[in-house]
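Shared between the two complexes below is chain A, which has chain B as its partner in the first and chain C in the second.
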Partner chain A sequence: MDRLKNLSKASRDTLITYAIVIVAFVIMQALASMHAISSSMIGLLVPITAYICLSISLNLVVGISGELSLGHAGFMSVGAFTGLVAAQVLAPAITSGPVRLLVAMLIAGCFAALAGVLVGIPVMRLQGDYLAIVTLAFGEIIKNLLNNLYVGYDGSLHFSMKDTASLGMNGGKVLINGPQGAVGIEKLSSFIAGFLLVLFTLFVVTNLVNSRSGRAIMAVRDNRIAAESVGIDTTKYRLMAFVVAAALAGMAGALYAMNFSSIVPKKFDFNTSILILVFVVLGGMGNIRGGIISAALLTILPEKLRFIGDFRMLIYAIVLIAVMLFSNNAQVRMAIDGLRGRLSRKDDDEALGDAIEGGDAQ
Partner chain B sequence: MTRDEKTYKVQSGSAPVGGRTEGTYKAQSERAAAAGVEQGRETHPKRQRTKMVAPPNNYLVPERDALKTPVLECRHLGIDFGGLKAVEDLNLMVGKTEIAGLIGPNGAGKTTVFNLLTKVYQPTRGTILLDGVDTAGMDTARVSREGIARTFQNIRLFDSLTVEDNVKIGLHNQVDCGMWSGIFRMPRYWLSEKEFHDRALELLDVFNMADNANDIAGSLPYGAQRRLEIVRALATGPKLLLLDEPAAGMNPVETEELMDNIVKIRDDFQIAVLLIEHDMDLVMGICEGIVVLNFGKVIAKGTPEEIQANPQVVEAYLGKQD
Partner chain C sequence: MGFITNMINGISLGSVYAIIALGYTMVYGIAKMLNFAHGDVIMVGGYICFIAMNNLGLPPVVAVLLSIVGCTCLGIVVERLAYKPLREAPSLAVLITAIGVSYFLQNTALLVWGADPKAFRSILDLPSIKLFNGQLTVSPISLVTVAACVAIMVGLTLFTTRTKMGKAMRACSEDKGAAQLMGINVNTTISMVFAIGSGLAAIAGVLLCSTYPTLMPTTGSLPGIKAFTAAVIGGIGSIPGAALGGVLLGIIEIFAKAYIGTQLADAIVFAVLIVVLLIRPAGLLGKEIHEKV
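This part shows the complex of A and B:
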């Protein structure tokens, strides 16, 4: 316990986040094995982990780098479809499912990162509202490209932007069929894979934030002119955050897609981008732990509200508004801080001397 | 009349300048003419010999820096905003270890000069040489890497980060650790973080701020924020430190302390300091050379004593005396 206190605040926060993720995984895994949760909930486990990864990665752009990106689902879809194709093509070469999933996710991450670079180079010339609108447009462009993309595999890959006939295949299988998306997907994703991806995403983002590059990213967010004046290449670090987030979103997209038997490009539209943004904003921009919790709760909530039928989305909206209002209300915050202060004072009663001396014993 | 113009008048007027005297020129031309005759060519009798003089050198540097490359040299520097000439024909030299002052009434263009030096604005005319290197075409970040650090008139800290992180960001280009080493916590990462931490605390010690290392920068009192900005600027390892009103908002005791610290920084780090300040006690107390700017033009240069006695300066600040 003493060693825990000596750690810097940032690393203590990170450790708590890891602990929460691991404990939640163990509990859910235990409940699932005891059949204590409904099958609809079990079906939600993988999407929840995917959304958590998306929330963490978007937090890197919105919270840490301070750019409002409205096209995150676009990178998710790039990862989803490249991951699907990779998993199918590699099927004969790699028989083990988990290994194939891993390789497919890595390929998905690479392609999403590539898309991130291509989108990022023009986008990083802009700031603020303009950047938000342009990322929105890019998200739509990616969706529409995938809507018109046909991919077939008969020993070699065939691409077309017209229809399946123009693929010119000898037998084989159509992997991506334009607006109908991909069908007959092999279900490689599992809750454990999702959990590991969450840990990996968390690892990458928190380590990046607490490094030289992460400090540079936050410096650009806090004060661009000052960051330039100390010799930081602002475009480089904004692009770095954007591309790393895109790669992680791509991996999450691959995980998400391989949880379903079929998936259409329309799934990754503007609404999904906004949904991920809601996770981040509700959890607190820059607060990774908050983003994880809100992603999990907001994915479960509509499912739990199913019993009230048509009023479901209305209640969902009201809950969102209420949480936003309360968490941004100064008086509520003061009350919570006061409560926290009182609780921690009880803990620290023995270490009172410490607290008076130590500046960082907060 | 400005000091520059005076010097110029004197030089171009009549008398011998520098080492070259009229006599030498004459002797040279006679010798050349004689040589022409000797080779059978006749020198054109009507061509007048050009009189050569040393150009007016209006630069001033401390004697100890006179033979070293000046850390900063501006030649005919100017910038227009539309039709407004915000800075015009600025000639300036700052010696290697000089503490120089840039003063002038409000709106004279002092901060614009800083923005030109740090390439926040690209100059319309003229050249900036930083330690002998032309900074044309460089951007702000590049100029910082070349050795100019600055503080801002309205404090610009990384408010949401800790004091230590602010200094570590200043050290960004001093310690290297790539993105991959950072993400995957390679040995390089741990080495660099240790170096970041040690050097940050060392720099904070200059202003006795090591105890505040874990405080959030935005929550510091005003004076401490100003000091932190100077520490962050020093962390970039500059050759020239630009301070934009470092004493603004400080009480006389704090200002006194700041003056000692500026001199200490110059002595310890062996760098040059160029500062903008309205507090005349500070300027006259520590600046070795002073440049006075009014309406974007230099109206006087000199030592504190010369500036205080200069009627143009008095007029710029106080209006015409009858």
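This part shows the complex of A and C:
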């Protein structure tokens, strides 16, 4: 217990986050094995883990690096489709499902990272809202290109941007069929795989944040000019956060896609990017634990609201606006800050708090 | 002749984008926010006009006016309820709120008017104009769209440079604090900008639906995003820039559809945005602001 107390605040925070994820996993796994949760809920388990990974990875860009990215779903879709193709092509070579999923996710991560570099180099020349709109544009471009992509496999891979006929295949199978996307996907994803990916994502992001590079990234976020003047290569560190986030999003995309029997490129559009951004913002920017919790809750909420039918998304919209108005209200802010101040003062530096109060009285 | 037809269609579509982009650029200029709900105001404008013409049997002119008034009120109400309380909040909070408003408008439209597309009847019931022995056909709505865009451009330029209110708007977009010290009511000015922007969105909605006559709750979102792209290409905050960006984008989109493929047209439009921003980071007509340490 003493050793836990001696840890730095950052690592204690990280440990609590790990604990929450592990406990939540154990509880859900137990409930699922006891058939205590509905089948629709069980169907949500893998998407929830995928969204948690996306939320953590986008938090690295939006919260830690301070760049507004509106195209995160683009990297997810690059990962999803490369992962699907890899899993199909490797099917004869690797018979074990979980191993194949792992390899497919790694390949997906590599391709998404490559996309991240290609997108990131031009994007990092811009700042603020301009950067946001360009990431949006890249997200749309990726979606449009995948909408026109045809991939077939008959022992070797065939690509076309026109139609399935121009793939020039001898038999074989069409893996990606333009706007119809991929069909007949082998369901390789599982809740355990999702859980492990969440742990991996968490591990990568928290370690990056608490490293020298992570501190450099946050320095660039807080004051770019000051960071530059102490010799931090701002472009390098911004790009690093962007590419790592892209790779992690690609892996989550592969996990997500292999949970369904078919998937279309349109699934990964602007609205999905916004959905992930909402997780991050509602969870508190830069707060990874908050992002995890809001990703889980906001994936379950629409499902639980299904009984009210068409009013579902309306309620979602109202909740979104209400939370934003409420959490940014000056009075609410003051109340929260006051509460937090009182708690922390009681917590560790009571004497200092008294001294400050005494100073105020004079 | 195909080239000229495409050019006319491109300019006409571009004029619609330009009208939407003007609203975007004015709101961004003054409130420094990406108003993602702007596209959905277009859709609401389209529906009001549709209901007024088809269900109430009103003449098109009255329907269009009704739609402008309706959207203007909507713009003011949304600004009061959702954006005004967030004036001091971080920009991301405002962005998410705007997205919330966008979902709200789309889903309200879905509940009120249903998901099935409505066949919008053009506000102009005139036959197409045939030139060069019928080789070139020009739909009258294209001409009206272009004319409306030019009129709005000129009107807005005169408004922002000649009137007191317009000067107040420019002052607010430059420096809100200083404008307030000069006795300008910043809140009224911002409301006014939202009102004008939303009124323009209504006009754009009616013109868009007259040219492409399917009206759905999601009709406004893609044109909204493209118009925003146009505003950024032209240099966000600049009125001539928005018009230039809009027309350019419309022409590029129609030509890409005609010569490269319908599916890839959107990708090309967004690629143009990226290229322009890489060469001129503040847009074509935007002012570059250098950071001071």
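By our rule, the second predicted complex is superposed on the first by the 324 of 362 C-alpha atoms of A that agree within 3 Å, B and C clash if a C-alpha of one lies under 4 Å from a C-alpha of the other, contacts with A are read in each partner's own complex, and residues count from 1 in each chain.
Here is the rule we use: a residue touches a chain if its C-beta (ideal position, glycine included) is under 8 Å from a C-beta of that chain, and two chains touch if they have at least 3 such contacts.
None of the values given here were measured: they were computed from a predicted structure.
Of the two partners chain B and chain C, more residues of chain A are touched by C.
When the two complexes are overlaid on their common chain A, residue A:18 makes contact with neither chain B nor chain C. Looking at the shared chain after the overlay, A:310 reaches chain C, while chain B stays out of its contact range. Applying the stated contact rule after C-alpha superposition, one finds that A:225 touches each of chain B and chain C.
Shared-chain residue A:214: touches chain B; no touch with chain C. Of the two partner chains placed by the overlay, neither chain B nor chain C lies in contact with A:200. Legend: residue contacts after superposition of the two complexes on their common chain; A:325 is shown touching chain C, with no touch to chain B.
Of the two partner chains, chain B is the only one touched by A:240; chain C is not. Taken together, the two complexes place residues 225 of chain A in contact with chain B and also with chain C. Contacts from chain A toward chain B in the complex involve residues 8-9, 203-204, 207-208, 211-216, 218-219, 222-223, 225-234, 240, 244, 359-360. Within the complex, the chain A residues that touch chain C are 62, 68, 122, 125-126, 129-130, 132-134, 136-138, 140-141, 144-145, 147-148, 179, 225, 270, 274, 277-278, 281-282, 285, 310-311, 313-314, 316-318, 320-321, 324-325, 327-330. Every residue of chain B that touches chain A in the complex is listed here, in rising order: 118, 120, 139-142, 144-145, 149-150, 152, 156-161, 165, 168-170, 172-173, 175-179, 181-185, 189, 192-193, 196, 211-212, 214-215, 232-233, 235-236.
Residue ranges of chain C in contact with chain A, taken from their complex: 28, 34, 82, 85-86, 88-93, 95-97, 99-101, 103-104, 106-108, 110-111, 221, 225, 228-229, 232, 236, 261, 263-264, 266-267, 270-271, 273-274, 277-278, 281, 291, 293.
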